[in-house]
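In what follows, subunit A forms one complex with subunit B and a second complex with subunit C.
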Partner chain A sequence: MTSLFGENDLWGPLDPTKDAGYGEDRPKRKGFFTDTSICIGCKACEVACKEWNDVPADHFDMLGSSYDNSHSLNANQWRHVAFIEQPTRAEPRQTVDLGMPVRAPSRPPEEEPGEDAEKPDFRWLMSSDVCKHCTHAACLDVCPTGSLFRSEFGTVVVQDDICNGCGYCVAACPYGVIERRRAPEGDKNVGIAQKCTLCYDRLGAGMTPACAQACPTQSIQFGDVDELRERADARVAELHEAGIMDARLYGNDPDDGIGGAGAFFLLLDEPEVYGLPPDPVVTTHDLSRMFHRATTAAAFMLAGAVVSFLGRRR
Partner chain B sequence: MTHVQQGRRRRGAERSMVPEADFTSYYGRPIVKPSPWEADIPAYLFAGGLAAGSSLIAAGADLTGRPTLRRAGRLAAVGALGFSMAALVHDLGKPSRFLNMLRTVKLTSPMSVGTWILSTYGPFAGAAAAAEVTGLLPERYGRTSPLPLVSWLGRPAGLVAALTAPPVAAYTAVLLADTATPAWHSAYKELPFVFVASGSAAAAGLGMIAAPTAETAPVRRMAVAGALAELAMEHRMERSMGVTAETLHQGKVGRLMRAAKVLTAAGAAGALLAGRSRVVAAASGAALLLGSACTRFGVFEAGQESAKDPKYTVVPQRERLEREGPVRYHP
Partner chain C sequence: MAEAHPVGFQWVMEAKARGAKVIHVDPRFTRTSALADSYVPIRAGSDIAFLGGIVNYVLANELDFREYVVNYTNAATLVSEDFQDTDDLDGLFSGYDPETRTYDPTSWQYAGAESEGDEEQDHEMQRETASALQHESHGSGVEAHPPRDETLQDPRCVYQILKRHYARYTPEMVARTCGVSEEQFLEVCQAWTENSTPDRTTALVYSVGWTQHSVGVQYIRTGAILQLLLGNMGRPGGGVMALRGHASIQGSTDIPTLFNLLPGYLPMPNAKDHQSLEQWIEAISQPGSKGFWANASAYAINLLKAYFGEAATSENDFCFDYLPKITGDHGTYSTVLDMIDGKVKGYFLLGQNPAVGSAHGRAQRLGMANLDWLVVRDLFEIESATFWKSSPEVATGEIVPEECRTEVFLLPAASHVEKEGTFTQTQRMLQWRQKAVDPPGDCRSELWFFYHLGRMVKERYADSTDARDVPVQQLAWDYPTHGPHREPSAEAVLKEINGYEVESGRPLSAFTEMKADGSTLGGCWIYTGVFKDGVNQAARRKPAREQSLVAPEWGWAWPANRRLLYNRASADPDGKPWSERKAYVWWDEATGEWTGLDVPDFEKTKPPSYEPPEDADGVAALAGNDPFIMQGDGKGALYVPRGLIDGPMPTHYEPGESPFGNPLYAQQANPTSKVYLRPDNPMNPSPPQHSDVYPYVFTTSRLTEHHTAGGMSRFVARLAELQPEMFIEVSPELARERGLEAGGWATIVTSRSAIEARVLVTDRLTPLKVEGRTVHQVWLPYHWGEGGLVTGDSANDLIGINLDPNVLIQESKVGTCDVRPGRRPTGPALRQLVRDYLEETQR
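Showing the complex of A and B:
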């Protein structure tokens, strides 16, 4: 729409690392594939992330909603395990071994004999959420200081010493991931934007990010995004074959509203059940149109003033 | 609006005792985060619009020989600009690093572009105001240089300020709209028009307060046009916002937006019908200023509220999914 930007700069499939100017010798884009069908909700990822990245724990309290005691992704929570307790739906569900712990109902077997007694009347959905490291990252695009940048691994990282805490990225993120750190008082990064770096320091040393390293079920898989996408396709096909038709991938498509996420998911229900937006579109998708509307409005303002002063004296 | 439509709307409201929009969420918790911005930012939106409109008025008054109006416009512009800068710096998480805004030029960041717009406009608005101040100094200072130069620069500086002023008023709409905040992004088509109209009306209101009626005919016209444009574009904006327009009608935001409409309409009526009365002109001007401020605070708070409720993130995306299927890139 406008020649100010390169092709697919704001929208559409793109190699973000190449687009950011890294040369041909750049490493492959790195990311996460979080397979929530085998998440056991152990929170090892949350703990490992906090330990490695020195993320303060300042809001530990039970919320009264399932086993979630870490609220959301925020400045002090770079991995967040969501717990959803869900009544089993009316339609018959084939029991398939997912490697998830299944608990038999506690009522006496004589009350309800037969196969049904083996099935729990609810299911757990557990999912470890994280920054998506979008191909079109709104936080990065709106950052006025250049503090947020695209790393050579294709990830999106805040430079703590550049950020001046303007907070624009907070409002721009379609997933509500990045946030300005408010507490604890005295922390050196209070007042500036904080989020997952995909363990930039560990990647540089050829290591696996802390959360993926700590995950005991390989629910969090780390690797080259290209390969992870293939692995995700294979896994969802496997689950469909096993009759788990609810299984779906989220964020894996390079044609989607954010150009595909570097960290994508296999979910067993609609995204919003997990606190994810169902079909997000990066705000910069409309940036050219916004620019044109604002330019037109400014022209109207100028013209309005001119016309006002051209009229009669009184 | 016809009675039939109003009746329908009322029945809809009764039905909404039951949750009207069916959507799921993670324990009702927000998806997107509200901006960490506080009252500084809507106050800045108002002051930025006021500064821009005042620079336009000052230039018009200068070229058409209206000295009181010119002086009021130049001084208001620099005052509002100074307030704006203070508000913007105060709102940063690390105010000591505000100069980091100037370490890069980033076209994808409305805040970066806005910083450079302000950095362009500011010195010229400042120079025009400085010329005005030298005119206010006692005669004996007039002979010592460089005051005559400063005074001579008033007109060219004021004209450049006027040309660079409209972007100051318009970019703030993109600043809000270029976010995932539902009530701001969904308003992106009309918001720049609402904001420039609001800025024009506010500045015209200030002109009506500050200058004698003999000089204010143009600003009265600007007041009426700005107020009507603001009301019309705000109405249109609500229609294109979809479900997020609700946030403009609820609670505190609803009261702010209603107050904005009443004050803006009253200010326009006063300017149109009795603007040649000094008292009515001043009262109308005050109403326009207040109305503009209410609009900015209302739009700002509507966005914050829309981010806090997952409904406004989920429902519009679900509606689009149902209508068009998932968003996919087609070259």
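Showing the complex of A and C:
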């Protein structure tokens, strides 16, 4: 490794707050553990988030996608509850729609519900998604203005008044979370990158983020990331013991492609089912290698040029 | 529960985390089903068949909690020889009069009490006045010492009658009637019975949609029978829990907004039968019965003292004559039909939006369009204030804005965070709310509105010499006010509700301190104690972790801060806990009193062995093992000899509108339901009539994202966007059958109206096999109207007025309809479509 970057600066386990230069008296890293196995899809998190952060509500179209009418995480949706209607195992796995033209699979021939033709067991999965507050946050790394910064709580926050709307962060986020606000017209932050701040202002006042505060079933748990990781491990073990072998954690591993998320999840199926990337990697992951290669290439070219000049002299 | 009560559902999730098994029975797969351990789809309207099947399973296999059943219920009581069951009469009980469509319950009585039928009122009048509602906390009014056979072998004992009655509710019959597989049904039976033992209890939780059936009361009764048989009543973790539809609906039953009740479940006096205070009190206390209603005179006189203050004296029967007397059905639906007929001049609507939220929306709107005046108090300009200019009837030409005679006064109301007061929730717990912010602009609290309205009415009549104005003049209406708008003190009102000594002003600490001589007054006897020691007990906020698991210092529950009613039943007949794990209230031999985690629901020093003397009545007649202290015989009622209009035991009847004939009896539907036969309230035909014009079953309910008729959610952007359009949920099978396109439009037609909705095709709805054929059920939310940020048709426009005979609640959770692709016609063509369908049924 080059000495330009510290160990694990760009990926791998890291304490992002220490790395960002906060002193020893910094608070512990804060985050969310979202346990989707007890989410009831009430959307209180979406509403509380919008209320507290004054996020516009301007999307009044029914999507027809189960009970999801807020579409996705975007500039006007910092919490998003996904609803997945899923016959268990009876039909092939659902895949994420990539927006590519496909031929609809033909349904099996009609079956009257006969004596044994019981419906397959059915699952309705609900999951409240949010910015992951990555340990290695690509959005922050690529931000040219310093609008995005690492807070003393280890979270990643946009400063509306510094962002110039360049949009580098939008392309950099491996989850597609951050986005520039496009509407409603006249909003002070139109054109500005927007996403969850983990309620930075509430944390500063010793309060719980609005979504976690509003969650009736404690599906969204807020706390110290270290402690939440332990809690998540225990919960998975408990579910496995109860025979729910599909339960798994997502984003909790400090060795994953983003160095572990500050906001991680317990899922009951593959991440793709929830519209989450299966193995996200921070877009700056290859930065040092790219730098090495580029420098090496440059060195070779330089050497080549030198050689060629040397050759000419002959 | 997760759909309509997401906050309360946290406790279900907590119980599940601690090992509870959650079973969800519902016509459609909801957010509750998603989190339940097992989900059982059921045909809407077949619940008595389902629960009756479980009762049969319990009795046929002798799985009842025998010691509990013999001692604490009326299982051993003998019933009159004259009683004939639905088995004998093909769906009817003895005593039916087809002319009046009512029962004479004389033959239903306990043996030896046949002469005591109901001599006070005729039975048609009982239905008109929803008299069974008055029994909500009264018990069924039976005599104290009926003959019993504790071996349960006598063929006339309740146990054997019940066993015979439910014998035909076999698993096969349940499957055929409800569309449930036998396997799944038996799984529920096993889970329920195995979890109901001395060591374990099972809770039955329902939401109020369960009551909205033509047999709604009997639905709940079936649940209660099952819970009694399994020993789940009066024990921690058991019970039948009604989740109320809004904040403080329990409170508005305790201090009622109902035409036939006064505070504390005192019946509204009847013009014919209650000519004097004495007659009225006797009708409540029922001399000869056991229990606490024997003290009704104190409760009634304290209420009259609270109403009329100094003017109420023993010489003038405490102004009893000033109380209005009811003469028949003054319920909300008959009132609406009377409006249409021009018999009603004015109407107050407070936080209610019947144009969207009540059954038969068209009738509601046509009624409101035929008043002299209408006062609407709400947070937003709801449809019940705009019906004259923008309702569907304006489009059809039935209401012409320029000609509509109703003068509408829309007054802005303060929201619950802008005023103080109490909410009473489903556990009968009062919780005080502080005011968070001042209401904006001209918004005012209901308390402010009524206090000042009353004050001004009194001022208007102050100088009148007309005798009929004396009640208004003498009404006690003196409350301290504060602030620039003269807001009355809500605590002063609560103190009056609690009651106090007239002389000293000392607040009463228990309803047992109430006197029948006028020396005390109190507005609602069951609430006495909420202001004990002059302290607002409802405002207590001691966190759960700082007190016992019963948490008696959070808020205050009526009666007497008791958290679990009839908790004497949590101990065995000897007063010992049924098990260590379920210990709750028990008899302490050493101190000679009842003690435990909760306030014992029993006389504190009456030992378990106590046997009352033969001639005792009232409280003194309760034996040491009579836990159901409000019942006339102290026992939980498996069988109800008196007090119900439609029979002593629940029986499966088909809903008023059904595509099926009754699989169990020749009697198709509830023979006593309250019907309003008029051209503007047609019903869809059921078998044996031609029923396939409306071949599908529909049910309606709420979404988490909206609140009832939408007045508090459709006008708020952050809520409105979560469910922005009216939709219908259909199974993929029905979508194929009817050519419905996902995301497209469908039109839903009944004999009342046709509405349109976006189509949501989902596996959460599943066709069921009933009586050998497939039936499709569809589901509709009912939150939309033409106002607000998101608009749509109202599902309640589809529903007709057909009422449960006991409490006059509408059958709005099941009906039949047709579903067709595409949008509905507009203007007069809409009515034509509805007429065409109706004509088709007559072909």
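The working rule: the second predicted complex is superposed on the first by the 260 of 314 C-alpha atoms of A that agree within 3 Å, B and C clash if a C-alpha of one lies under 4 Å from a C-alpha of the other, contacts with A are read in each partner's own complex, and residues count from 1 in each chain.
We take it that a contact is a pair of C-beta atoms (placed from the backbone, for glycine too) under 8 Å apart; a residue touches a chain by one contact, two chains touch by 3 or more.
Bear in mind that the values here come from a model prediction, so they are computed numbers and not experimental data.
Colleague: Once the structures are superposed on A, label A:Arg180 by its partner contacts, choosing first (subunit B), second (subunit C), both or neither.
Modeller: Only subunit B is touched by A:Arg180; subunit C is not.
Colleague: Tell me which partner A:Ala299 touches in the superposition: subunit B (first), subunit C (second), both or neither.
Modeller: first
Colleague: After superposition on the shared chain, which partner residues are touched by A:Ser147: those of subunit B (first), subunit C (second), both, or neither?
Modeller: First partner only, subunit B.
Colleague: Using the touch criterion from the header, give the chain among subunit B and subunit C with more contacted residues in subunit A.
Modeller: Residues of subunit A touched, subunit B against subunit C: more for B.
Colleague: Considering only the touch criterion stated at the top, classify A:Asp61 as touching first (subunit B), second (subunit C), both, or neither.
Modeller: Touch partner of A:Asp61: subunit C, not subunit B.
Colleague: For A:Asp15, select first, second, both or neither according to whether it touches subunit B, subunit C, the two together, or no partner.
Modeller: Touch status of A:Asp15: no partner.
Colleague: Touch test for A:Gln218: subunit B only (first), subunit C only (second), both, or neither?
Modeller: Only subunit C is touched by A:Gln218; subunit B is not.
Colleague: Kindly classify A:Asp246 by the partners it touches after superposition: subunit B alone (first), subunit C alone (second), both, or neither?
Modeller: In the superposed model, A:Asp246 contacts neither subunit B nor subunit C.
Colleague: Going by the contact definition given at the top, which residues of subunit A touch subunit B in one complex and subunit C in the other?
Modeller: 66
Colleague: State the interface residues of subunit C toward subunit A in the complex, per the touch definition above.
Modeller: Going through subunit C, the ones touching subunit A are 2, 6-7, 9-10, 13, 17, 29, 31-35, 39, 181, 703-705, 717-725, 727, 732-733, 736, 742-743, 758-760, 762-764, 766-769, 774, 789-790.
Colleague: Would you tell me which residues of subunit B are touching subunit A in their complex?
Modeller: Touching subunit A: residues 23-27, 29-37, 52-53, 56-57, 59-61, 63-64, 91-95, 97-98, 100-101, 103-104, 106-112, 115, 162-163, 165-167, 169-171, 173-174, 177-181, 184-185, 188-193, 195-197, 199-200, 204, 214, 217-219, 221-222, 225-226, 229, 276, 303, 307, 310, 313-314, 317-318, 320-321, 326-329, 331 of subunit B.
Colleague: Would you pull the subunit A residues touching subunit B in the complex into a rising list?
Modeller: So the residues of subunit A in touch with subunit B come to 4-5, 9-13, 63, 65-66, 68, 71-72, 74, 82, 84, 138, 141-147, 162-168, 170-176, 178-181, 190-193, 253-257, 259, 270, 272-281, 283-284, 286-287, 289-291, 293-302, 304-309, 311-314.
Colleague: Once bound in the complex, which stretches of subunit A touch subunit C?
Modeller: For subunit A paired with subunit C, touching residues are 38, 40-44, 46-47, 50-51, 57-62, 64, 66-67, 69-70, 85, 87, 107, 110, 112-115, 118-119, 122-126, 216-218.
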